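Let me begin by presenting the structure, written as structure tokens, before commenting on it.
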Amino acid sequence: MIKVSVVGAKGRMGSHVVEAVNAADDMELALTLDAGDDLTQITPVNTDVVVEFTVPSQSLNNVLTLVGQGVDVVVGTTGWTEDKLNQVREAVAAQQSVFIAPNFAISAVLADYFARVAAPYFESVEVLEMHHPDKVDAPSGTAIHTAQGIAASRKAAGLGPVPDNTQTDGGSRGQVVDGIHVHAVRLRGLNAHEEVLFGNAGEQLVLRADSFDRTSFMPGVLLAVRKVESGEFPGVTVGLDNFLDL
Amino acid sequence: MIKVSVVGAKGRMGSHVVEAVNAADDMELALTLDAGDDLTQITPVNTDVVVEFTVPSQSLNNVLTLVGQGVDVVVGTTGWTEDKLNQVREAVAAQQSVFIAPNFAISAVLADYFARVAAPYFESVEVLEMHHPDKVDAPSGTAIHTAQGIAASRKAAGLGPVPDNTQTDGGSRGQVVDGIHVHAVRLRGLNAHEEVLFGNAGEQLVLRADSFDRTSFMPGVLLAVRKVESGEFPGVTVGLDNFLDL
Amino acid sequence: MIKVSVVGAKGRMGSHVVEAVNAADDMELALTLDAGDDLTQITPVNTDVVVEFTVPSQSLNNVLTLVGQGVDVVVGTTGWTEDKLNQVREAVAAQQSVFIAPNFAISAVLADYFARVAAPYFESVEVLEMHHPDKVDAPSGTAIHTAQGIAASRKAAGLGPVPDNTQTDGGSRGQVVDGIHVHAVRLRGLNAHEEVLFGNAGEQLVLRADSFDRTSFMPGVLLAVRKVESGEFPGVTVGLDNFLDL
Amino acid sequence: MIKVSVVGAKGRMGSHVVEAVNAADDMELALTLDAGDDLTQITPVNTDVVVEFTVPSQSLNNVLTLVGQGVDVVVGTTGWTEDKLNQVREAVAAQQSVFIAPNFAISAVLADYFARVAAPYFESVEVLEMHHPDKVDAPSGTAIHTAQGIAASRKAAGLGPVPDNTQTDGGSRGQVVDGIHVHAVRLRGLNAHEEVLFGNAGEQLVLRADSFDRTSFMPGVLLAVRKVESGEFPGVTVGLDNFLDL
């Protein structure tokens, strides 16, 4: 049994992590701490892996403290810069593992990866993302990342621009990211969804990732806990794709 | 058996009409004429209904000649203006039927109709159309028509604008037609496709019409032939929705 | 402002109704009652419409009591038989309205209706439903209802059986309901989804209704409250389609 | 320029190959032969690669003859057994390449591959295939292959059976292939389509491959011609996935 403590246990994500750990057959919940609690209560005696979901302004300090306590850490808080990552890299011990991910949704990470693999083999490709209408930015960072990956993959394969004979358009063709058209739909009822359409003469390949709610990140968090605890990934690892056998 | 003659029988659409009439149990192929042939060969003796698929510059003359011959006519040629329609309306006899449609794809006509019916019941709605990359205009005329119908339906129901808190966007949110966001995808392998997404808290309704190739128009053409021949639609009728029991 | 009381206010559905009423601009929350509470607290003085979401064994008694109190009622509890409905029909006063619905999801009700309208115009049609893997029955009652409606519509239009030249199959072609093939998918992450595929030569029409969570029923509940309170539907009305302008 | 000859040039597939070769910038059409023609007209002087699309009863002899002529061969004819493959393996020269594929649709081959890669990371998975109603077998061989690959991938990763609490079903849950539920839809208007749905709590990944018509195989055929001509794949290679950088 992996002993898992949660920092930010009462937060929107942290409370789901507590539930997910309780439901996992191979894990047991250790300490659940929140803002104001003393993180030095967490030690290798009571905890194998800590999951940290707090806020960007506190996360670096939390992670440095936890590293100092000698436990492994899975970090879901966003806002990590290269400078912050380097501070963690310097602090982490030889046999210790810290994992940080911008996105824990396995389906989204796989779709992003598959899109880069498929890109060289299709004449056409476009990216659609669909989110709830309260999202303030468009397109999503994930969609931009996917489009950039596709563009890089096409370039490496020597492909030219996608075919497009559109002569009159009032904006319906979307935003062009590195030559790839990206469309953003905002619709009440949806959460976070991405679709990549690839086309050749007579055929289409569609990759679609749906995140219906916050529980969608839990399988990725549990996977990260298991991988970090395995000892196979010493040091600082960034990105869930490192834990998928791709 | 309905005796059907085809004008423009060697054209892209006309040749499919010839095949479809031959395959229909309740129809028999009468005359097949093309550019340069004498249309006065067509008479009520040999023909019940003529299907005319030629070019905009010839269609009005063809239809007036056929009306003068005393037969019913189904017209698939585009480019009809109100002025041209009026010339046919004046020429048509009391018991004669002429039918003209901008779109014979039953799935597209139904999706367009369903979209107007559903519109009052959803907070959010967006329209996507997907076509082959050789299409020169974007968005499609059909998508604009659908968006306008949705907008009119929402207005009649007293709905306000769709929710959208997007604050930064480089074009991914598409073209706004009467307040409705319309997105156009261009992808090799596709033909003509439309998707309407409706959303409320916790739910989504999707309407999608796919036209894979020109044979998609044949069920609509055959339906029109039967309706015109039934005598229930004297005069000039415009739009396939008139022949659907909606 | 419509004064709305909720019976079963602490239940899974009732608690969402309380939230939805509080969020609606044209409604105010009156009494929130639960098992053991005295329903005669509810009177026309404090309440215009009661929403009742309890359990089948209590619902009839609750509704009869509420009808006796002289208020309008929207019933979301399932398990209504023709005999139970008749008891309510006899009890309801001339100017009183009671509404009962097996399904409050507007998208599902519309998809079911659109399927019956579209059915006469397509050679092929199949029904897919997709639910979470904890659902004990397959296919869903909604999918069976949709298939039956399609079959009746095809029969009324004189259509024969759907084309199907399958000669060897180990069960992949699904369950046949009144001649219509119905497929049931069970997938973790999904909630309740239905898709109807219609096909003709060269074309496809897809109708899809997604219910992502229980909030998907709230727009339908609020619509019913408004319709019941309008006084336009005296007596007992069954089915949300009666409140949609179809 | 790669000099490409086509054997079976007047057949349904072969005629598309002739068109595709003519349209390719890096290829030129050499000889086009058909039943009854002398294959020994094809030599390394006039031909770099032969594409053979004939019938199972003739294909082995054709390929052996072509191998004897000293040219590289891409074979699209089906019906290859291990015994037939061995005869070609023995005949092929050291620097010669023969490629045989059961499926040239790149989108289908990629979806099949991606399904095996994704399988270990999801609790649930089901396979749907959709074809025209004249297909005599169900489910498709491709869908069975995909389900088997998914099952093997899950087993290798130590996953148990997919969750399914269905207690009453009249066949809607489909055919179970190695523990994976497979559904087959037959719909006029469709050609050949496959969809794989993966699910975890709160998330879904969808892989979909659409083959709209026979031209969908041409990008795969042209890719195979280029790979075979490159000399990087001496001997007999089976399966298009060998030519994709996966």
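Letters A, B, C and D mark the chains as written, and numbering starts fresh at 1 in each.
Assume a contact is a pair of C-beta atoms (placed from the backbone, for glycine too) under 8 Å apart; a residue touches a chain by one contact, two chains touch by 3 or more.
The shown structure was predicted, so the numbers you read here are calculated from the model rather than taken from an experiment.
**Q** Looking only at C-beta pairs in contact, point me to the busier pair out of B-C and C-D.
**A** So, comparing the two chain pairs, more contacts are at C-D.
**Q** Looking at B-D, A-B or A-D, which pair matches A-C on over half of its contact pairs by residue number?
**A** B-D
**Q** Could you work out how far the Cα centre of chain C sits from that of chain D, in whole Å?
**A** Once rounded, the distance between the two centres reads 45 Å.
**Q** Find the geometric centre of each of chain B and chain C from their Cα atoms only, then give the gap between the two centres in Å, rounded to an integer.
**A** 34
**Q** Give me the residues of chain B that touch two or more other chains.
**A** Within chain B, residues 122-123, 189, 198, 200-204, 210, 212-213, 216 contact more than one other chain.
**Q** Per the contact definition, I'd like the list of chain C residues that touch chain D in the complex.
**A** 122-126, 128-130, 133-139, 143, 162-176, 181-190, 197-204
**Q** Provide the residue numbers of chain D that touch chain B in the complex, in ascending order.
**A** 189, 191, 210, 212-213, 216
**Q** Mind listing the chain D positions that touch chain A in their complex?
**A** Residues 105-108, 110-111, 114, 117-118, 120-123, 198, 200-219, 223, 244-246 of chain D touch chain A in their complex.
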